[in-house]
Every structure is written in structure tokens, then in C-alpha cells.
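Naming follows writing order (A, B, C and D), and every chain is counted from residue 1.
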Amino acid sequence: MDYLLIASTWGLALLQALLFAALAPLLVGWVRKVKAWLQNRRGAPLLQPYRDLYKLLGKEVRVAHTASVLFRAAPYVVFIATWLAASAVPLVAVALPTAAIADIIVVVGLLALARFFLALAGMDVGTAFGGMGASREMLVSALAEPAMLMAVFTLAMTAHSTNLASVVDAQLAGGLVLRPSYLFALGALILVALAETGRIPVDNPTTHLELTMIHEAMILEYSGRHLALMEWAAQIKLLLYGVLIANIFLPWGIAGSLAPADLALGLAAVVLKLLALGAALALAETVLAKMRLFRAPAFLNLALLLALLGLLGHVILEVGA
Amino acid sequence: MAIGLDLAALALGLALASSLASALTVRAPHLLRLLVLPLFGLAGAAAVAAGLVALVQGEVSTAVLPLGLPWLPWQVRLDALSGFFLALIGVVTFAVGLYGPAYVRGFERGRDPLPVLGGFAGLFLAGMLLVVLADDAFLFMVAWEVMSLSSYFLVVFHHDNPANRRAAFLYLLMAHVGGLAILLGYGVLASFGGGFAFEAMRAAPLSFGWASVAFSLAFLGFGMKAGLVPLHAWLPEAHPVAPSHISALMSGVMLKVAVYGFIRFVFDLIGEVHWQWGVAVTAVGSLSALLGVLYALVQNDLKRLLAYSSVENLGIIFIGLGLALVFQGTGQGLLAALAFVAALYHAINHALFKGLLFFGAGAILHSTHERDLDQMGGLLRRMPWTGLFFLVGTLSISALPPFNGFVSEWLTFQAALQAWQLESGVLRSLIPIAAAMLALTGALAAACFVKVYGVAFLGQARSRHVRRARQVPLGMRAGQGVLAIMCLLFGVLPTTVVDLIEAVPRQVLGQGLPEATAHGWLWLTPVAPATASYGAPLIAFVLLALALLAVWAARRGTLRRARRCDPWDCGFAPPGARMQYTATAFAQPLRRVFALLFRMDERVEQREDGTLRHRLTVGDRAWGLFYAPVARAVESAAARIVRLQSGNVRIYLGWTLSTLLVLLWIIS
Amino acid sequence: MSITQLPLLQQLVLVLAAIVLFTSFVLLAQARLVSAIHAFAWQGGLAAAVTSVVAAAGHTPHLYFSALLTLLLKALLIPWMLHRLVHRLELDRHVDLLRRPALVVMAAVALVIFSYWLVLPMVQQELTFTRNIVAISLAVVLIGLLMMVFRQQAVVQVLGFMSMENGLFLAAVSATGGMPLVVELGVAFDVLVAMVLFGVFFFQIRANIDTLDVDRLNRLTETGGEEP
Amino acid sequence: MSALLLTVLLPLAGALVLALLRSLPLAGWINVAVSALSFAASAWLAWSVAAAGEIAGLGFRVDAFNVYLVVLTAFVGLTTSIFSRPYMRHVCKTGLTTERGMRVYHAMYQAFMFTMLLALTTDNLGVLWVAVEGATLATVLLVSLYRTPEAVEAAWKYFILCGVGIALALFGTVLTYFAAQHALADPAAGLTWSILYRHAGGLEPAVMSLAFVFLLVGYGTKVGLVPMHQWLPDAHSEGPTPMSAVLSGLLLNVALYAVVRLKMLVDGSLAGTASPHLAGYLLMGFGMVSFLVAGLFLHRQRDIKRMFSYSSIEHMGLMTFAFGMGGPLATFGALLHMLVHSLTKSAIFVTVGHAAHIAGTQRIDHIRGLIRTQPVVGWSLLLGVAAIAGFPPFGVFTSEFLLLTATMQSQPWLTVALLSGLAVAFAGLFRHLHPMVYGPAPEGQLPVRANLLPVVVHLGLVLWLGLSIPPFLVAWLDRATQLITGAHLL
């Protein structure tokens, strides 16, 4: 087989991964911006997140006396795992070899790995906040993960594959089909995405009030580049979920081949979809209020229920048995 | 006789030798370290070798021992299935051989006799090896009961504590009951097959009804040994109280022997399986997995927590087996093989990381004499190696890539997701739900072990003796290291492992996984590349490469050095150890969400000095639901029956007279 | 077949057997210890008489010997020993009332009928005479046992035991024309030894619970006491 | 023949000598010596029987069935006498019994052995009866040896119940003889078992079934079948420990042996009738009831020797059940179970003797932490109970395995009852054993001079039987099986 081709496809895959990392802050910026508009503020410039990251990367790192090695290793692990997970998700093009490394289950696994270290890092310093954040994070994720997987299973059983690329391909090949299962799965996935990425109504990314925060509580002790990596990882995660929703449920426009035109089109398409999603998120966050922690399980059970309905809907309504 | 069987015999001989050698420790305690346990480890190595030979050769070799009944001599048989489990037993045993010597040093001054420890450990190993090798029900049962009995003596080793005695009694009782059920199951097969040799049983022509009876008996018996809910009551009692290296053997290996028994009985001996059984097994498996992890989550005793998590993992294994049954019963050979491989893979994985974790718990116990998580903290800086290895264990058991636990759960998911190929819509909708429960289990397991690691190894020490913890001796670290490395290897090179395991389904189900490893060692593709693929080596590589990069950068000073300071903690005063989240606190949200499943007794009581004290005891409901009634029934029956012995001789004579009259009346 | 067709001696046997049965009723109901012992002696004597009659009827000389044996043992020796025991235990005046005598006697009657009903299925022709004897002796045995169940006094229990022995002996002699001699001797020896031992035990029991009421022997029991 | 006479008469001579002998230490040794001699003689007997197949004459008859019981009896008699010599010396020192008592003890020990061997070897049902009654008479004095109120009470109950039972058995014997009168050419031989067996077909069924009921109730009392078992725990717990060992290990066997012999007759006579298996069903019923009831009794024990005597009842029930079931496999298993149970149970009683000696009482809740105080005793007790509970690799497991297998083949549904009974009994044994053996020892509890040779030998044998049964023994048991059921197992 032509090694040049292999090299180029891998190159493209790498490029897409880098693009993922690069675009992530932008999405956050966009969400904040829209939110500001909705609240009749001018808000920070669109590229503010990049500035923050840059500044943090330059700043001195301060580490608590009580912190152990793990505390310092965690940011790298979290960032790498998240980024690795992201790079397996088809952003612009489908036919990329990275998709074969990790199917959706592995992606979930990598995110879980990141979360595992995040939670450990939260507990490492030995502050009350860290432990609290870790405990709550694990609660949320414990309920969110099955919902996520079940939503994914619905797609996987339709596409007969857990490989994201194959799922997208199946979608494209199938053309526009109205599937009840997809409706439910989409709903479930959105709820899970909100929970997992620490958005309202489960968590509030902008607060440091002890009663409300989850994700922030875990990275409370971080500073400098460590904090930067953590933040960046969170942004990548947000983008990842966005892309999942966008490209799996509405894959149209994504590049089927590696022709430059297709790629450009794909990029444009995904950017548009993400802008829309971001706006929707911002809208939701302005109209919704954050829940009490022990309301969150109900919220996630709703997600679980939706996913389950999706699955059963798929089995009962869609498979001609 | 084949080389594999020779090696197995060697392993058996070494095990018995170590058992006998421990008689010497009456006079010379140090021999336990210097002779008995090394022999033990060697036996493990030999077992691994035998197992690998059997797996690679894939040929069946049999032999007849000069023991047993004249018309039913003891027969042994080494095939791929027994080979796999030989290897499984061997790995952990070998690690114990490394770990044990340093660990038992503490017992040399103890009051408990060392010969018991060494001798019964040897017998225990021999029993397990023989169970795996047995080729007739008689030898199987003998070996099985020897295994139970000797492990019982190990459980009750520290018998000064009443709780331990109770645990041991419960364990032995349930083991005995389970053994009887298994015996009965074999009896059914034997009466149809006309003989207790496995050959005869394979040939037994069984109706669906009788096959189901045999299956249920086997499921009951082996499930009891495997600690499936609700038959698990003995497990969290018995495993923690044994010495840690024994706990590792019991949790890591003995439960797998039960799995072996189940596979041998159902897949091999009954042969003609039915999907209904699969549904039952999957259901019980899911239940065990979920409840096991939930109960583990609320434990504060480290070893007890690990024992409960064994219940969870056995549940996962049985989910895999159940899927295999369903697929096999509906004629989906390939998928059956997939699920089967997933189950076996998880079996070996659990052996590895559960052994590792029990070693870690043992190390903590050894250097702090503490099992209560709420007393621990900050151990990572005091015992860095143990901390590292334990971290590997927790990552593996939480099914996180790139470690081994993830691979087997991934395979199980893949098997479950092939449910769309089934005709029956009910199964199609049930199996994904099992998969979802598996997902929930995985997430909860992660939560559980975040708690364990975060509370035990991170933060600050919560008690003085933990603050004084020291590094454990080299041997113990080596034992953990071996298993940790195995965990990583099994996670990074799934293709190679699956290649080996695949021989087992090919022998048992007559169907391998040709596709799984067809695309090179990089890609694990259970069904087809388009369906699902996992490039573990690549992921591991990238993770490692970038991590090294970061380390390198830090070393070279391109990154500015970090400055040490007090924790910020939102500007509150520098936190003390008592302000940390405890294990109890960590589990509180989930405990609250799943409150229904626990038997919780939470109260705040005022001590005489006016200070308040919060007391929380969390138990599982199985005891009250299933065990207490039986115990009560026996008690009351006994209370009634003893009235026979009223003490009055005339009443006794009355019994004689009336018996006589009744009999006379009967016969005429 | 009715009794009229039987030869005179067999009729005599039946008569004697009937009296034996009657004596065991007497034993059952007799309250005074000494009189009970007398009744027992009579029973023994009657058994011996039956034996000798059977011997005469069946021309089986060795039965005369066992008749003699029985007379000595059951009618003379054992009653004499019992007398001495009772005397030394100061029980001469002892009265051991039977509770609900009517019921017990009715039960005994029922036992007689039962035992007759039991032997009915013995169909072989030539048995018809002996089977009635068997019925009688079976009744004697059962009544002896019944007596042991309802009498609380150790000595009386022994009497019951001995009258069971009488019933056995009756059966052996009248139905089978006597057991082999070695067995006869063995049995006689055992009975004798048993009697001696009974004597020993009377004193041991007396020494321990200073009464011979067997209902007081109730220490060894599972019921009651604390839980294990 | 001479071997036979030696085997039987040696104990008798021993009894007479010991009855006259005054010196106590010497008596103990003579007791051991006589037992050893008669064991040797029994071995010789076994050898000659193995050679000749069967020895008959002088009213004796030794075949494969009873010869192994003879050897077993002599063997257990020997080991127990070895144990009893120092043990009874100790008892005598503690003043529980007197010099005279010791003389009675030794004499009666041999007398008991004599009656047992006689009962086993005789061919005459009458003599069998005399011998069994003799066994009662010989042991009843030993039960009351300590003269405590409990001992006397136990002895009285033992005497009365077994006396009555035996009387009933005699009635059964008479009835058998009565039936024989009309079936045999020579009525005088109407009690000779072998002749009866040969003409069993001609015996009047109605009489024989009547007879069997009496014989079953009679000898069954001695076997300890529920509900005629009540004497057994009393006698076992109150008598001296060596006595308990031989009672449990041997007397019950002999009684069961008698029952089986008679069952063979009755089966022969009932063969043609409507209910050919009557005897078998009766045995199965009694066996099962005894097995289950005794298992439940185990849960409510306060006296260690009582507990193990109930376990004896349980096992006798199991054997009775098996013999009742008939069939080569069940019978073989039952014979094997007789063997291993005798060995194990007598070993246990020996150990229990030491345990009670250590704790100074037989009360279970006062016996604590044996393993701490004297590991040897603790472990023997533990292993002994594990063996009797049917754990491999001990022989009891093998025999129970065979019994279960046989049950599955002929009465599948009874297997469930058997298994649950086993589980219940197991729980009952261990719940009491655990605290006795494990845990901290009460202060002031000291080890004693233990003589555990019998225990080691017995458990060693049982272990051997569990691992592999020597061929000659298999052949032996198989011939016995063939005698009883008419069919070879192999």
C-alpha cells in the first residue's frame, strides 16, 4: 500500500487533533459572548480564553506543601487523556485512521481516566473543598456515564458498530431517516453533556461558592500551567461533546473523502453547527437555574430514562423482527 | 504423558512439598520464609508453564492416578480450559511466593502456629490445581472440598477474634452446602451418563428439564463459591480476615476456580446449552455486579471493600458467561466465543488486579496495622512504591484505559452490542440493559476506588500510627510490582492475550475468534474492523510519550520550577488532617441516592463528656432476606424435636410400645 | 375350628394360657407391691404348667426340663429375690396406685384384641391351634410393656419386664415346642443376671434419689436448660 | 477354626482373669495384652477366611460379611484398651471410681468384647440374641461406674429400654423359630441362620413379617434408631469415655449387623408376596427419620459426649437407610461407612476424653480454646469432626459419596432430604465445635498427658481409606456385598 497516502492520512489525523485543541477555547469564548449578549452585556472578547491560557501558562506554579507527586502529574494526564479522546472523534473528516484507535467506548474510557485523575488531584491536597468536589464529581459521573453509554448504544445498534466513523458513515448512507430512538438518544446525550461538562443546571463553571461548585472545587488548588492545562482540558471536553452531538446526529457536511474541497466544506459545516450549539447552550444557561446537588440525580435519571426509551424504541419500533 | 501434564504434576508436587515442609517451621520459624513460600512460588511458576504449554499446544492429555476407588480411579486431564486456569492460578501464586516471605515475617513472633499457615496454604493450592485438572467428578469433589477446608483453616488462622471465628464458620458452612449442591448436580449428570468420569457425562443424553435441573444445581453450587448475590454473604466476612496474601489467593484465584467449575460443568459437560439459562446467569451477574460495587462503595474496612468488589467483578464475569450462553443457545457461535473470551479475559484480569490490591492492603496493614480507611491518608509519600502499584491496581479495576480491566469490559460491551443479531426481540432489548448496568457498575467502581485511593494514599494522615508508616520490604514490593506490570501488559497487548485465550473457546465451544487478531498486533477487532477496534498500544504509546515529554521538559527546566506554599482552600486557614473528607463523607452522596439498597443504622449519640458522636453502620440486606429465615427455621425445628428426649423413661417406653404397635398395624 | 375338636390336653393348654393372660391383667392392676410379686410368681408357675402339659401332649421330654427350669426360676427364685429386695428396701407396705386404672385396663383389652387380629393372617392349616397361643403370649408381652409404661415404681417395672419374659417363654414353648436347649439356658442365665443387676440398681437409685419412683429419674434431658 | 475359637474365647478368658486379678496397673496391661492377642487372632481368622472363603462349625459361621466386622471390633477394642489404660488410671486417681470399680471395668471390658465377637461369629439366632443381651448386661454396670446420680439414671434407662427392646427381639426370634418349624425338615435347626437362609423361601410370610417387626424394634433399639434411641446419648455421656468409644464404634455396628442378617431372611421369605421389599422400606424409613432427627438434635447440645452420640445416631441412621435401600452400591457404601464411622467415631471419643479432661467438664460451654491450651488435642478434635462431617480426603466422604450416588440412582428425591440432613448436621456439629477448639483459652487451663496414639492410627486409616481403598479390602467388601445382595458390585 502507498506509504505516502498512509503518511498523509496520519498527518491529517494529527492536524485534526491539533485543530481540536485549537478550537476548544474558541467555543467557550463564543458561549460566553452569546451569554453576555443575552444578558445585555458586551462581554469579554471572543479570544479571551486564549489570553487566559497564555497568561496562566506563563505564570509561576505554586504547589501546596501537602500535595504529592500525583498532584503535579494529574494536569498532564488529564489533558493528554482528554485530548486523546477528542482526537478520536471525527471533527472535519471521517476517513481518518485515528478513528480506528478508539471507538466511542474507548473515548468514554479516556474521559473517565481524565476524571479519575481530576478527582484524585482534588483529594490530594487534603482540603475539604477538594474532597467535596471529587465526591460530587464521582456521583454525577456515576449516573451520567451509563446514560451516555446507552445513548451511544442506541446509535451503535442502529449502525451495528461502536466505531464513530462507521456510525457517521451509516448515518450518511442511510440518508435522512426520522428515528424515534435518535430523538431520545439526542435528548439523553444533551443532558449528559451538560452534566459532564459541568454546565448549568448541574454545575456552574463561573462560580466559586462552596455549595454550588463541583469541577471548580477540584481544581481549586491549581495555579499556573497546571491550571491552564486543566482549563484547557475542560474546554476540549466541552468541544468534544459538542462535536459528538453535531457530527453524529447531524453528520451532513462532514468530509467523506480527504479532498481539500471536502475538508474545507467539512470544517465550515462543523463550525456552523458548533456556533449554533454554543448559542443554544448559552441560551439554556441564561434561562435555567442551577439545581441543588441532590436534584442532580433526578436530572440524570431523566437522561437515563431517555436513553433507555431510545434503546427500547430502537428495538421495538425500528428493527423489523 | 505430555510435557504440560508433567509440569502440572511438578506444580502439584511443589505445592504438597511446601505443605509438608511447613512442618519444619515448628522448630525453625524462619523456614517459612526461606523454604515454604519459595516452594509455593515455584509451584506457581510451574503451573504457569503448564498452563501456557496447554494453551499453545492446544492438545488434550490425560492420565490416571493410582488413587481413588477401584472402579473409579482419579483421572486428570489437561486441556486448553484447564490450562488457562492453571496459568491464572500460577501467576498469582508466583506473586504470593515473592510477596509472602516478607509479609509472614510478622507472624513469626505471633502465637498462631506457622505450620498451619504454610501447610494449609500448600494444601489449598494443591486443591485448586487438582480441581482444575480433575477429569472425574469424584476427584473433582475431593479436590474441591480440600480447597474449601484448607482455605477455611486459613481464614480462621487469627482465631482470637470472635468475628473471625463466625466468618470462618459461615464460610465453611456455605462452602459445604455449595459442595453438596455441586455433588448433586454431578449426580444428575452421572445417572444419565452412567458414570462419574467426565467422558461419560459429556455423552449423557439430557432432556431439557433434567439439563436445567443439573444446570440450576451447578449454578447454585458454583455461584455460592463465586459469591454471586444473594449467595455472597460469606465472602465479605471470610476474605478480609485471612492473612493478606491468602486473601489475595482466595479473592483472586479461588473464586476463579468456581468460575472454572461452572464453565466445565455447563459448557463442557452439559454441552447442549439453552439461552434461557443465559438470561438467568446474565441477570444474576448484573445484579451481583451492581450490588457488589454499591456495597463496596460504602465500606470503610479496606479489605472488606476489596472483598465486596470481588463480588462485583465475579458478577461481570458471569455477565460475560451469560451472554455466551445466550449466544450459544441461539446458535451464534462466533458471538458466544466473543462473550466467552471477554469473561475469561476479565477472570484473569481480576486475578491480577485483585491480587495486587490485596497485596497493597496487606502492605498497609503490615506497616500501619490499620484496615480502617478513615484512619489512613497521605500514604503515597510514605510508601511511594506501594502507592504507585496500588494506583495501577485501582486504575485497572476501574476499567480505565490503557489498563487491563478496560479491555475485558470493552470486550463484554462489544459482545452485548451484538445483541441486534438475535431473532428474539426480548433478548435484543434485555441484553443492552445488562450492558447499561455494566456501565453503571464501571462508573461506580471508579467512584469507589477514587475514594479508596484518595482517602488512603492522598491527603494527610488521619492517625498517628499511619503517620509513622514505613516503606515495606523489597519482597513485598516485588510481589506487587510483578502483578502491576502484568496489569499494564494485559492492558496494552490485548491482541496477544486474546490470541492465547482463543484456544479455550475453540476447544469448549468449537468456535474461535478468527477476526479478533487478524489485523496485526496493534488492532483488537473482535468482530470486524468496521464494527469496533481498539488500538491499545497506540493509546499507551501516546500517553507515555507525551507524559515523558512533560517530565523531560520539567527536568530540563524549560518549565519554571513550582514553589511550595500552604494550600489556598478559598483563603480559609491552612486545613488540618481532620478537616479532610473521610471515606464515609465521600460515599455519602451515593449512599443517599441508593439508600434503598442498604440496611443503614445512622445515629448521633452524646458521649458522657457532652461531645457528640456520629455512628453509622451500613449492612447489606441479603442477610435479613435470605439467611436469617433459614437459621430461624432450623432453630425452631430443633427446639421442637428435642422434646423427644423428655427424660422420663416411661415416656421412652411409651415410644417403643407405640412404634411397635404402629409397625404391627402397618404390616398387617 | 372350635375348641371342642381339640384333644383334651390342648384344651388344657388353652385354659392355662387364658389364666396366664388373666394373671398379667392382675399384675397390671395390682396396687400392692407384695401381692403383685405373688401374682407374678403365679404367672411363672402357670407358665411352667403350660410347659409340662405341652410336653405331655407333644411327647417332647426335654420340655419337662425347661418346665422345671421355669418353675425354679420364674415361680420361686425371682419372686423370692424380689421379696428380699422389697423387704430390705422397706417397701413391704408400699402401694403404687395406677392412675386411671379403667383406661389402662381397657387399653390392655384392646391390646389383646389387637394381637389376636395380628395373628389372623397366619393361614397355614396346622397353625390354627398354636396361633391362638401366639396371640395370647403376644398379648401377655404387650401388656407387660404397657405395665412398664404406666407403672412408676421401679420394682413394678421390673415385674412388667419379667412378665414380658413369661409371655415370650409361653410363646416359645406352646407355639414351637421349646427352643434349643442352649438358647433356653442362655436366656435363663441372662434373665437371672438381669434380675441380679436390677437388684443392684434398686439400691443405687435408692441411694441417689432415695425413692424408686422412676419419674424422678429425669436429669438427663435436652429440653429445658439454657440455650447452647 | 482354631483361629475362630481363639478370637472368641480369648476375651472370655481375659474377663475371668481380670475379674479375679487384684493389682490395678497389671490389670490395665493385661487388658491391653488380651486385646492385642485377640486382634492378632482375628487377623489370623481373617486371613484364613480370605483363604477358605467361609468357616463354619460348632454353631459358628464366619464369612466375608462378619469377618471384617470381627477384625474391626478386635482392632478398635485394642486401640481403645490402649487409650483406656492411662485414662482410667487417671480417673481412678481422681476418685471417681474405686479399685473394685476398676476391676469391674476391666473384667466387663473383656466380657463385652467377648459378647460382641460371639454375636458376630455365631450362626445361631438364639445365641446371637443371648450375646447381644449379654453385651447390654456387660456394659450397663460400666455406664453406672461413676455412681453419680446421672450415671445411675443413665444406666437404668439403658437397662430398661434395651432390656425391653431385646425382649421384643427375642419374641421375634421365637416367631422366626415358629415359622421355621413348618418350613424345615429338621425343626431343631430352626435357629441356624445359614439353614434358614437356604430355605428362606419356605418361611411363612405373615409370621416372618410379624417377626421382623419385633426384631427390628428390638435390635433397632440397640442400633439407636429414632424413636427408640433415647438411651443412647445418656449411656454414652455418663459412662467412662473408653466405654463410649466402644459403644459407639462397635455395639451399634453389631446390632445393625444383626438387623441386616435378619433382613436377608425376611427378604427371602417375602420374595414371592405382594410386598417383597417390606423390610427394606421399614429400614429406609427408620434410617431416614433417625438421620434427620439426630441432625436436628445436634443443634441443641450442651454436653460434648451427648453431641457426638447424636452424631452416632445420625450415622447409624444413614447406614440403616442404605442397607434398607439395598442394591450392591448402597450396600457397599454402607459397609464402608460402618468401617470408617467406627474408626472415626472412636477416635473422636478418645479425643473428647482428653478434651473433657483438660477442661475438667463435659459441658460444651466450659470447653474453650483447646488449640491454645493443647494444640494436639484441639487439632485431633478438629480433624476428627471434619472427617465425621464428611470432608475429603477422609474416608467418610468416600462412603457418603457412594451412598448419595446409590440414592440418586434408586430414590432420586430422597437425595434432597439426605443432603439437607447432612448440611443441618454439619452446622450443628461445627457451631459447637468452633468455640471449643478456637479462641482464647480460659486462664488456668493446663495441658494434660495425652495418649493420642489411637487417634492418630484411626484417623490415619480413615485418611488412607479416603485416598484409596486397598484392593484386598475392596474384594472383601465386595464379597460381603455379594452375600447380602446376591450381586457383585465390581
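Everything that follows uses one rule, which is that a contact is a pair of C-beta atoms (placed from the backbone, for glycine too) under 8 Å apart; a residue touches a chain by one contact, two chains touch by 3 or more.
Note that the structure is predicted; figures quoted are calculated from it, not measured.
**Student:** In the touch network of chains, how many steps separate chain A from chain C on the shortest route?
**Tutor:** The distance in steps between these two chains is 2.
**Student:** Taking each chain's centre as the average of its Cα atoms, which chain lies closest to the overall Cα centroid?
**Tutor:** B
**Student:** Most contacts: which chain pair?
**Tutor:** A-B
**Student:** State, to the nearest whole Å, the distance from the C-alpha centre of chain B to the C-alpha centre of chain C.
**Tutor:** 70
**Student:** So the centre of each chain is just the mean of its C-alpha atoms; given that, what is the distance between chain A and chain D in Å?
**Tutor:** 78
**Student:** Could you please state the distance in Å, as a whole number, between where the Cα atoms of chain B are centred and where those of chain D are centred?
**Tutor:** Measuring from centre to centre gives 44 Å for this pair.
**Student:** Determine the centre-to-centre distance between chain C and chain D, using the mean Cα coordinates as centres, and give it in whole Å.
**Tutor:** 30
**Student:** Which chain B residues touch at least two other chains?
**Tutor:** 642, 644-645, 649, 653, 656, 660, 664, 668
**Student:** What are the residue numbers in chain C that touch two or more other chains?
**Tutor:** 118, 121, 145, 148, 214, 217-220, 222, in rising order.
**Student:** Counting only residues that touch at least 2 other chains, which ones in chain D make the list?
**Tutor:** 156-157, 160, 164, 168, 206, 210, 233, 297, 299-300
**Student:** Taking all chains into account, which pairs touch?
**Tutor:** A-B, B-C, B-D, C-D
**Student:** Okay, in this complex, where on chain D does chain C touch?
**Tutor:** 59, 124, 126-127, 129-130, 133-134, 137, 140-141, 144, 147-150, 152-157, 159-160, 163-164, 167-168, 170-171, 174-175, 177-178, 181-182, 187-188, 190-191, 204, 206-207, 210, 233-234, 237-238, 297, 299-302, 306, 364-365, 432
**Student:** Considering the complex alone, what residue numbers of chain B touch chain C?
**Tutor:** Per the stated touch rule, the residues are 642-650, 653-654, 656-657, 660-661, 664, 668.
**Student:** Taking the complex as given, what residues does chain C use to touch chain D?
**Tutor:** Its residues touching chain D are 118-119, 121-124, 126-127, 130, 134, 138, 141, 145, 148, 154, 157, 161, 164-165, 167-168, 171-172, 175-177, 179-180, 182-183, 186-187, 189-190, 193-194, 197-198, 200-201, 204-205, 207-209, 214, 217-220, 222, 225-228.
**Student:** So in the complex, the part of chain A that touches chain B is made up of which residues?
**Tutor:** Of all residues in chain A, those touching chain B are 60-70, 72-73, 76-77, 80-81, 84, 100-103, 105-106, 109-110, 112-113, 115-116, 119-120, 122-132, 134-136, 138-139, 141-146, 149-150, 153, 156-157, 160-163, 166, 208, 210, 220-221, 224-225, 293-294, 297, 304, 307-308, 311-312, 315-316, 319, 321.
**Student:** Help me check something: in the complex, which residues belonging to chain B touch chain A?
**Tutor:** Residues in contact with chain A: 377-378, 380-381, 384, 391, 395, 398-401, 406, 410, 413-414, 417, 419-420, 423, 425, 428-429, 432-433, 435-437, 439-440, 442-444, 446-447, 450-451, 453-455, 457-460, 523, 529-535, 538-539, 542-543, 546-547, 550, 559-570, 575, 577, 579-581, 585-590, 592-593.
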